[in-house]
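Below, chain A partners chain B and then partners chain C, in two separate complexes.
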Partner chain A sequence: MANRTLPLTLPIALLCSGCTGWQSVLDPHAIQASRLEQLIWLFVAVCGVVWVTVTVVLVMALLRRKTPYSHTDTRMTRIVRAAVIATVVIITGLAIVSFYATRGLSSSDATALEIRVRGYQWWWEVTYLDARADQVFITANEIHVPVGRTVSLQLAAADVIHSFWVPNLTGKQDLIPGRDNTLSFTPREIGVYRGQCAEFCGLQHAHMALLVVVESAGAFEHWRQGQLAPAATPRGGEQETGKHLFESKACASCHNIQGGTASGTVGPDLTHVASRRYIASGLLETNRGSIAAWVADPQTLKPGNNMPRVALDASELNALSAYLAALQ
Partner chain B sequence: MSDSRQPGVSDAQLERPELESHLAATWRTPGGLWGVLSTVDHKIIGRRYIVTAFVFLALGGVLALLMRLQLAGSERRVLSADWYNQVFTMHGANMMFLFAVPVMEAMAIYLVPLMVGTRNIAFPRLNAFSYWLYLAGGIMLWTAFALNMAPDVGWFAYVPLSGPQFGAGKRADIWAQMITFTEIAALAVAIEIVVTVLKQRAPGMTLQRIPLFVWSMLVTAFLVILAMPTIMIASTCLILDRLVGTHFFNPSEGGDVLLWQHLFWFFGHPEVYIIFLPAVGMVSSLVATFAGRPVFGYLAMVLALISTGVLAFGLWVHHMFVVGLPRVGESFFTISSMSIAIPAGVQIFCWLATLWDGRLRFRVPLLFVIAFIITFVMGGLTGVMVASVPLDTQVHDTYFVVAHFHYVLIGGAVFPLIGAIYYWFPKMSGRLMSERIGRWVVGLLFVGFNLTFFPMHVLGLLGMPRRIYTYSPEMHWDALNLFSSVSATILAAGFLLFFIDVIRSLRRGPQAPENPWGASTLEWATTSPPPGYNFPRVPVVGSAQPLWDEPESLAVACGLRVDRRELLITSVVSAQPQAREASPRNSIWPFFAALASTLMLIASIFTPWAMVWGSVPVLITLIGWFWPKGDPEDEG
Partner chain C sequence: MMRGVGTLVLSLFLVEGCARESRNFRLDPPIAASLDAVAPMPNRIGGAAPETDTVLGQPYLTNAYNLNQGKQLYTWFNCQGCHADGGGATGPAFLSGWWRYGPQAVSVFISIRDGRPEGMPAFGNRLTTEQIWQLTGYVRTIGAYSAQTAAPSRNDAMQSRPSENRAPATVATPSDEWPTAPSR
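What follows is the complex of A and B.
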């Protein structure tokens, strides 16, 4: 079925995904990504012309009726020399364009929003930095930023090399153990953009996604205040039981939930886990059912990840997921 | 050259039939297992090398199909994450270390001595040793894969993922030791080629008369000699980190993870040219023969080869544009990476000029040249794109790059290689391959390749990273991936048909004459396949196209003894005869030495003491190998 409709769907898929992809180089929503897109099309155009020219000359050479040695070598020498000079000119031009593009990408903005992103196997820890300690907070796998303000990311790695890449916003930059890298972008349009780790980082490299949510300044401030607050207090007996389970079982030794006794730092901070669109680094959309499924058997859903299966009976799983799903 | 004082029988005293029977007895490879294990004939070893490399090509191709099966749709479960990571690592490592580099060197092992008109390669026992070690490395890697302990860290094995903390088990050690095997083998062959080309050319084959294929192999051999030690140092440091607790790559103990990347790519980029330059040489041979004229711009072609070889060492950082290096450094590497397009352009323009002027015969090898030019130019141009730092930040480690380097490696190296097999197969086997099937092979490979890999450019721009074992349906990558996977079957059919044609032609192909294509170089001046001694008398060359310029009969030199293996040594620049050199006889010791080395290297994956105790058998076999013969080595 899919095979039969392929010739039809392919061009359509190409066109659509080119203009609407949420993880696409060709759908820029930040100043940096726009510049890069223009650069790419420029290179594609120049290289396309070169390729067509070479192919046309090749075809002409193949089709020509000829008498051997009809052209004197001196005439061919002139033509080949001209082609080499043209190559040098094109290469030089593209190199110069490249330099200017690089310069245009590096911006130093004192008012930039400072965020530290730390790569783990296989998730992202996100820390919003601030000179005032009480304004600092930690979240995971989802970065909210206000539209129009430059964001400056400090990139670090906890274990192996990862690479931060949200193509709609800007190019990628590696997160390397023992080194500090930075990457900045200035989003221009409100929207949700996806990124994923671009440097092979082990078993679950394929499942290491993150979202960047670009929103209005007001919405961002609202979100930020929400993240600064401690976790929602459990409502009702089931959620109470869930909280108790979380803090008494293995969960608390790896995860932190602000406002309780769970303060592990090995896994993602879960204080506002239900406010994030996905759990397990883009693997599942967040809802009570997916949380329950994840807790029940993380090793089937994302084999090899660092979260162990914790033995829980059905009512315990129910209570725990009710509690976590309420952590807005 | 003739010298009446010398002992033994000189070829000058003999008539042709008697001469040939003497030479055949002297240069013969005995039958049976002993002959198989002890031969030092470059043609037998070269054929073996080629066949082995193509077996690895087929195996690596099966892995590629497995990956395409897994990626044909979102969230497919053909392969688990663990198997997928082993499969893509095996595919890359196998294709680079067990297929591409060895097959190019193998073609040189077979062809270079014939093309320069000598009787055997320099250091023929080292050549035998090199093959056995290469075979052992390949078997080790594939055995590990069969045992579910193949490397799973990528063919580049970046630390810290491959280091002691994250690379559990022996998987990364297998990778690192496979490097040792294949690099020793490659270095050995490179040294043989350099010496053969510089010191064993036929009298009169001055530097400006060397065939372009031989030039390309000479430059390649120097690249191997300069690049391979880096990766051996890197992989040795990795083994030390893993086995004896050093900290070369551990940042918390003062090591550096980027050191690995610098060392790896200082080898890894020249590696691309180690694969590509021999292909350039093959294309030059094919173009000249089927255009019926010498390649236009011989000097420019040679200079382009050499400058590519030099530049190859100045652009490794373009694999590291997103690791956060200083901007000035990155700009330098943009310039150097882009400037390699200039020698590449020179070569393309010279071939086009040759085709423009020549009287073309559209035989299968020429069709491969056409497929090569169209495909390789595309790969070269996307290479210019990834050389730009800002552009690379978007496409690095995406399927765009996967498309790019397959265009360069398959379009740029495998197409010329298959064309070269069609071209030299009659010489190697004595039989011609099928022209009709060959046309199908070109068509299937060209169409299948482009349909498989072109969509990957688009996938990369649509955000698909490399080395992911699956993807979510939300990404809308399904259609293009399915298209690519379906097209891969066309590509696979092309390779399958090629293998069928090879096997069929070996048994039933028409007998090949000495020079079936009317080519100009010396390998066509002897029977197909050549006798053990290659040429009854050493040819003397008076031009760059000896068989075209002296079609009636080639001048020959005489004075070599026929009752022992002797080669003619000539001067480096002008190929003036200098000495008669004894060429080693068959010996079983290289095989035993390779066996002892294999035991030592494999055991050292498990304990460092293997290097101590394992060196004893290696020493014994080397003593056997180098035991004095009592003959004078050479006579002036």
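What follows is the complex of A and C.
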């Protein structure tokens, strides 16, 4: 018995497991994503009914006894006409519903939180915009937003076309070089949601993930103040050495660490790198070991990325990883 | 029989067309170290390239991927700031085809790594050896006056000259540009 039901239940269980989780269209946690989910179910229902109807009519036509053609001529014309009208009405209806659902994805209000997201091969630069220049800050691969407030994203690309897609929160929108796109979402529930580049952008396209952390207004403000602050001052000789190495080797020519002399803009901003859950765009969880592994040999972990291997000996690597892992 | 052989040979060619260049992104540390060991002449103009470079087939001058990485580095490290798009400004031009320290790749490599008098900064501790070679390869394509089989890909941004993967630059003389009226 169990053997017979397994082939049936296993695929169904596998299908259903895709319906929830931190990266699923069918588990919406924002107003815009809910609208899209309703749209999906509407399309599935309408197309399902159409498919069943067509199949039933087809089976009936195959099973029917043959009758002379002339008897059914006018009836057939009527049926074809009704089918054409039904098709036009259904497609027009779905087009209108779809238009209204997707139009809401780029609407924004004056109180929206403005964030600029720029796609690079293969990571995301995130800039929190503000009318006051001293309130602007840059981070990477992790977006924090307060619950209930509309977020307006300005999407841009630095090199090739990427696509921003956090299925639990909103629709998919391309990041195109030389063009600014907008996308908005209003998160309803606190949580961590995963996004992924949704347009093939090169060798490491699959390793171009980002996280959206939806938190309470208080927690968001606390995080924002933390991000605005300069980097933590190194504690102890090892971290001091790490800072010195970072600023004297090639690291500083690509990466920025606020509060020191490292001010590169080519790679991700590392001022608060250890406060982020992942490094290298969702590749490894952040801890001292993974940072050391990444610095030691980035091309083995993520071949083709633009971070070169900088020659370091063991003690230098130790000091550098101690310094970076303390940048909360 | 002959047709069968012909079809077989043709299909072999087609299958061969599916092969891609296998790119090695991870330069082994000893190779990277040996690529740094250029042997310049005492006046630091020209010199011998590392043997590793020759053995590898001069990958930084002949491989399109490396040239393109060099092109990205040219923008990222603000080479434009002094050399513009090759036309020169504060720094010398590359498009002129006149190289102050000679046209050899080794000279360009040394210029980038160690800097030069009159303002060229040293990038030796800002870039890795591989990156300096990539940049060297790209800089040489700007001033090249003969066709190359490899070229970096085009720019997304506007560029003040035709991109490197278009027709090769040639020295245009007035008589080439303005054909004389046919004589009767």
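The criterion applied here is as follows: the second predicted complex is superposed on the first by the 297 of 328 C-alpha atoms of A that agree within 3 Å, B and C clash if a C-alpha of one lies under 4 Å from a C-alpha of the other, contacts with A are read in each partner's own complex, and residues count from 1 in each chain.
What we mean here is this: a residue touches a chain if its C-beta (ideal position, glycine included) is under 8 Å from a C-beta of that chain, and two chains touch if they have at least 3 such contacts.
Note that the structure is a prediction, hence the values are computed from the model and not measured.
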When the two structures are laid over each other on chain A, which of chain B and chain C touches more residues of chain A? B
Should A:A198 be classified as contacting the first partner (chain B), the second (chain C), both, or neither? first
According to the stated criteria, A:D297 is in contact with first (chain B), second (chain C), both, or neither; which is it? second
Touch check for A:R309: first (chain B), second (chain C), both, or neither? second
After superposition on the shared chain, which partner residues are touched by A:P177: those of chain B (first), chain C (second), both, or neither? both
Quick one: is A:S98 in contact with chain B, with chain C, with both, or with neither? Answer first, second, both or neither. first
Which chain A residues come up in both lists, the one for chain B and the one for chain C? 159, 177-178, 303-304
Counting only contacts in the complex, chain A reaches chain B at residues 2-3, 6, 9-10, 13-14, 16-18, 21, 23-26, 33, 35-36, 39-40, 43-44, 47, 50-51, 54-55, 57-58, 60-62, 64, 66-71, 73, 76-77, 79-80, 83-84, 87-88, 91, 94-95, 97-99, 101-102, 105-106, 121, 159-161, 163, 165, 167, 170-174, 176-179, 181-182, 194, 196-206, 282, 303-304
Would you pull the chain C residues touching chain A in the complex into a rising list? 23, 25-27, 29, 32-33, 72, 76-77, 125-128, 130-131, 156-157
Touching chain A in the complex, chain B uses residues 73, 80-82, 85, 152-154, 158, 160-161, 165-166, 251-252, 256-258, 292-293, 296-297, 300, 322-324, 327, 330-331, 334-335, 338-339, 341-342, 345-346, 348-350, 352-353, 355-360, 370, 373-374, 377-378, 381-382, 384-385, 388-398, 458, 460-463, 465-472, 475-476, 478-480, 482-483, 486
Which part of chain A faces chain C closely enough to touch in the complex? 159, 177-178, 248-250, 253-254, 266, 297, 299-300, 303-304, 306, 308-311
